[in-house]
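Okay, so chain A shows up in both of these, paired with chain B first and chain C after.
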Partner chain A sequence: MSNLVQSAKGALLLGAIVALIAVAATLFAEPFYQRIVFIFMVNLIAVIGLQVFMGNAGITNYGHIAFMGIAAYTVAILVTPIAIKKTALANAPFGLAGMEFGIWTSVAIALLVTVVIAFLVGSMLVRQTGTPASIATLALLVIVHVVIMNWVDLTRGPRAIYGVPVKATLGWAAFCAIAAIFVARLFRDSRWGLQLRAASENIAAASAMGVRIKRLRLAAWVLSAALLGVAGVLFSLFVGTISPRSFYFDLTFLTLAMLVVGGVYSVSGAVIGSVVMTVGFEITRYLENGPSLAGIKLPEMFGLTGVFLGVTIVLCMILRPHGLVGGDEIDEIWRRRSQDRAAGGDVS
Partner chain B sequence: MRLRDVLLTSIAIAGVVGSGPANAADQLVIGYAAAVTGGLAPYDSPDGVSCRVAQINEAGGILGKPVKLIIRDTKSDAVTASNVGQDLIDQGANVLLGPPTDDGLIPIAQLALPKSIPVLSVGATQPAFPVASPENGYLVPFGDNASAAGAAEVAYKAGHRKAVLMIANDVGAYSAVTPEYFAKAFEKLGGKIVGRVNYHHGLADYNAQVTEIKNIADKPDMIFAAILVPDAGVLVRTIKATGLDMPVFGTDGFDDPSFPEVAAGGAGLATFVTHGFPGEGSALKAFYDDCTKRGFKVQNIFFGLGGEAVEVVKAAVEKANSFDSAAINGAIKEIQDLKGITTGSITYKDRGGVPLKEMTVMQVKDGKMTPIETVRPSWVAAP
Partner chain C sequence: MSDYILQQAFNALSVGGEYALLALGLAIVFSVMNLVNFAHGDMITVGGYAMFLLLMFGVRDPLLVLPFGVLMTVAAALLLERIAFKPVRNASPTTGMLTAFGASIVIQNIALIFGGSRPKAVPTADWIASSISLGSVQIPIVQVLETGVTIAAIIGLVALLRYTTVGLAMRAAAKDVPTVRLMGIKADRVILTAFAISGFLAGLAGIFILARRGAVDPFMGFAPVLKAFVAAVLGGFGSLPGAVVGGFALGIAEVTLQVVLPQEIAGFRDAIVFFLIGVVLVFRPQGILGERPDFGEKS
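Up next is the complex of A and B:
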């Protein structure tokens, strides 16, 4: 029990960082920077969702963005006003062209659909380990993408769905991000999270101790998908226009990079990776437009952000292969350090 | 410790960048959310826009004031596109130019709507954008529905009555929807669609498709394909090699300097409708030559369309005699028979944001792209 209190405290610390960013953005930032912060929150939720499965089950996941896409498309198709559907989705199956749902109903259905699909896919996926499991997740991403591209009546295929009411606010995004931190942190430090992490390190020993690996993996998978569903819903309701390209390799690798740079094995890693990468992106984006710094006019260097992404990952792999944070949560590191210092004090 | 630093840095950046100058409407500020990098980069042209702005500023600007151009990279990503769109609006742009796909354009137009800022796409040919943003969304190129209608008229005039459509779903709406626009226009003229054949871009071998066409019971006398290079070349080469010898009609996807070489012996089978051709004495050729002299690199027809986007904005500002966004937006809707760079005539009046343009019909003769005629379709399918 004290374990969970500790992890709630850790989540509180990470949540406070997120809350501070949101408050600062609301008070001081221009609309453009508020957008950046909103998208940061969405990416953060996605990265935390990714961490829940990847960090605990120890299986590299390339399919997480598929769930974001499913949720984003479901909510968009349900909530778009009938007037717009008449031109955009006139042939939608299941009578959807003539239906329009309220915002909360749509969100609830979207998350439900995501979780059900995650459960079905997960039941098959959890039987595999290591590389085959990772390839299966990659296959999931491609399958979902191909379905969205080709089920033209339902999704408009490669064309964008537009006219989704822009209802999401920064406050909601921050709230969801903080909630995601708590959920992920409590799961990680719960008995199930601990058992799952033990199994990812030594599957034979864990199953000999009676750990029900498949069931726990499925739980982590579905929880991860639900968090990604939240990210997808926020995305859809913030941008107002979605297309299949938004939920494919670009976002998959961006979120993976954020997690890997921060550290796969901890929620702190997910949060810090997202913050570092977003801040780095915005600084390089500012520089690539050729601003004047201290009286010196810099040249335009479009493409600098791509270089930043590559260099950061390479440096991180060389210098800190386990990510900036490493295997433990920051509050754990903090506590250990102060204990060490206290112990050191005793000796002297 | 590190966390606090990161946090302070992010707040500091927000502060520094947030203090940029607000622009009063005493000068035209064009904000361009361009796909400078990424997969869509070939269909956007920061260079073409920059060159035309440089030309205009050298000649004294618009309404006596120099034009300010701010370019931001969308990285070919829809969300980044809408973010930099907001950035450009915050920086006081009175007119926005946008990226080549509707998923980036529609959100930008939505953000620009409260200030009535017009948004023009330099490269998009999908009429879906102005349909979704009727108040302030415009294409600079023709719509795919118009080019398909142009191709239908040319094909019908050449005596073709039975067409087979090539359909692909893998490159956005272009290759899937354009053939249907063609079908509507062709049937309206009195032609008939006798079959639809599926393909994917990137096929090294089109024999399966050609066999399928050969086996259609109601024999077609032409093929329509909104296919991209290099596949366009491979397709006609295969048709020639199998002895089918059936003409292929298409739109601007064929328009790439590599086409004649890839198509080899089959190049002569293709007829396609495109934006324009830099022939001797044309405005496009003059624009290319002057820009090359200024050190810009002309990559393809989108360079010309970039210049044309600035041309449309210039005409609207001069007509409105104001730098006010709403006035410019209103003036674009009134443009009629404007002489462009790629084309002799552009009309926005009563077109719902998709301009009616004179288009160029091209064929390959003696291994060289050759303009045959110009076409302005009399009937265009609704988007």
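Up next is the complex of A and C:
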């Protein structure tokens, strides 16, 4: 029970950071920066979702963005008004062209679809371990992308779906991000989270102790997919226009870099990595477009953001393989430090 | 009809050969140092751009350009090992995999910055693109060459592993690196040899990829290597015979689906192939030739 209180306290600390960013953006920022903060919140939820599976099951996941895409497309197809569907999705199967759902119904169905697909995929995936499992997640990303690109009647294929009602606000995004932090933190500190991490350290010892590895991995996988579904729904309902490119390698690289730089093994790592990488990414994106700095016109360098992400990942792996935060949550690190200090004081 | 089947059979063999060459390169590096080399395909990209540069400087003789491409692919492999992979040599497999992933993004985007996103034409020799007649069947030379080169490369690799000291060391390193080092063999040499071989095989595959596409672009290496990864998993990850079997199995599956699928759903081919492989792996998680994972050992 005290465990639960501790992890809620830790989540509160991280949630406060997120709330602070959201409040500051609402009060002081111009619309352009508010937009960046909103996308930051969406990415943060995605990174936390990724952490739930990667950090606990110890399997590198390249397919998380697939679930974001599934949720984003599902909600867009359901919630878009019939008038727009007549031009955009006239041939939609299952009679969807003539249907229009309310916002909450659409969100609920989108999340349900995401979770059901995640459950089916996950049941196959948890039979693999280590590298083959990682490659299977990458194959999942490709499968979902290929389906979205080719099921033209349902998704408009490579062309964008437009006219999705813009219903999401920064407040909602921040609320969902904070909720995601709590969910991820409680899962990490729960019995299941602990058992999963034990199994990723030593699979033989953990299964000898009676840990039901496959079942727990499946649970983490589905929970992770649900969080990514939330991110996808928010993205769809904020941007209003979605295309297959939004949910492919670019976003996979970005979110993976955020988590890896912050530290895979903790929710704190997910939050701090997201903040640090968003700042770095936006600066690089500014430089990429060839701005004038101190009177000097810099050349356009399309691809600079990619180099930034790649170099950051490589350097991080070489210098700090466990990320900026390391294996523990920040509140745990602080508590240990203050205990050490107290113990040191006693000795002297 | 039987002509058509024969043609498609050759097509399947050559596509399978390409995947087998790439999957072998992945498996060699993995078996020696447990590294999942996501940047494998980007070494091909480096080789492709090197050939493009040589052509720009006016060197047009395929007998110079093609070997240069292979050489630069090998150089890229060795350079990557020195810069990116050596520092994480003793880290966990996840760390190595993410390092390779990062290196792959860097190479792609450097190519994007300096070369732009549009494909650049790199013509290979004309005679590669022509066909030969076998009775009433027309077979493109590139397919004959690809199948032949794959078989030759496999034979060469088996000979190297079986009859040379460094081959023996590599086979031993796949089982137990510390003991290999205790026997007085430098780990560095074994690993560099593995990378050189993997780069050489990637270079060979790269030439055939270029002969089909006729152009280079920054992301050209990714799709074939993703297929090679899937082939390696299908065959049994880390097993060299598995890589060959998986590569050919994937090639045959792809071409069969391409022939059988109706036009409307042909675009879903890759999704269907990957899904089918997923189903195979449900029943045989260790792959066709893989060994059951020994719990607690390398995983």
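Rule of thumb we're sticking to: the second predicted complex is superposed on the first by the 319 of 348 C-alpha atoms of A that agree within 3 Å, B and C clash if a C-alpha of one lies under 4 Å from a C-alpha of the other, contacts with A are read in each partner's own complex, and residues count from 1 in each chain.
Please note the rule applied: a residue touches a chain if its C-beta (ideal position, glycine included) is under 8 Å from a C-beta of that chain, and two chains touch if they have at least 3 such contacts.
Being a predicted model, the structure only gives us computed values, none of them experimental.
Applying the stated contact rule after C-alpha superposition, one finds that A:Met149 touches each of chain B and chain C.
In the overlay built on the shared chain, the residue A:Ala204 is in contact with chain C alone; chain B does not reach it.
Shared-chain residue A:Ala24: touches chain B; no touch with chain C.
Shared-chain residue A:Ile39: touches chain B; no touch with chain C. After overlaying the two complexes on the shared chain, residue contacts for A:Met317 are found with chain C alone; chain B is out of touch.
Residue contacts after overlaying the shared chain place A:Leu298 against neither chain B nor chain C. Residue contacts after overlaying the shared chain place A:Leu120 against neither chain B nor chain C. In the superposition on chain A, no contact is made by A:Ala83 with either chain B or chain C.
With both structures placed on the common chain, the touch criterion links A:Leu309 to chain C but leaves chain B unconnected.
Looking at chain A, you'll find residues 149-150, 302-303, 305-306 touch chain B in one structure and chain C in the other. For chain A in complex with chain C, the residues that touch the partner chain are 58, 60, 124, 127-132, 134-136, 138-139, 142-143, 146-147, 149-150, 202-205, 207, 253, 256-257, 260, 301-307, 309-314, 317-318, 321. In the complex of the two chains, the chain C residues touching chain A come out as 30, 36, 84, 87-88, 91-99, 101-113, 116-117, 218, 226, 229-230, 232-233, 237, 265, 267-268, 270-271, 274-275, 277-279, 281-282, 285, 287, 293, 295-296, 299. The part of chain B that touches chain A in the complex is made up of residues 3, 6-7, 9-11, 13-15, 17-18, 36-37, 71-73, 75, 77-79, 82-83, 86-87, 89-90, 101-103, 106-107, 110, 126, 128, 131-132, 169-173, 176-177.
Residues of chain A that touch chain B in their complex: 17, 20-21, 24-25, 28-33, 35-36, 39, 87-88, 149-150, 152, 157-160, 162-163, 166, 235, 239-243, 245-246, 250, 272, 275-276, 279, 282-283, 285-286, 288-289, 300, 302-303, 305-306, 330.
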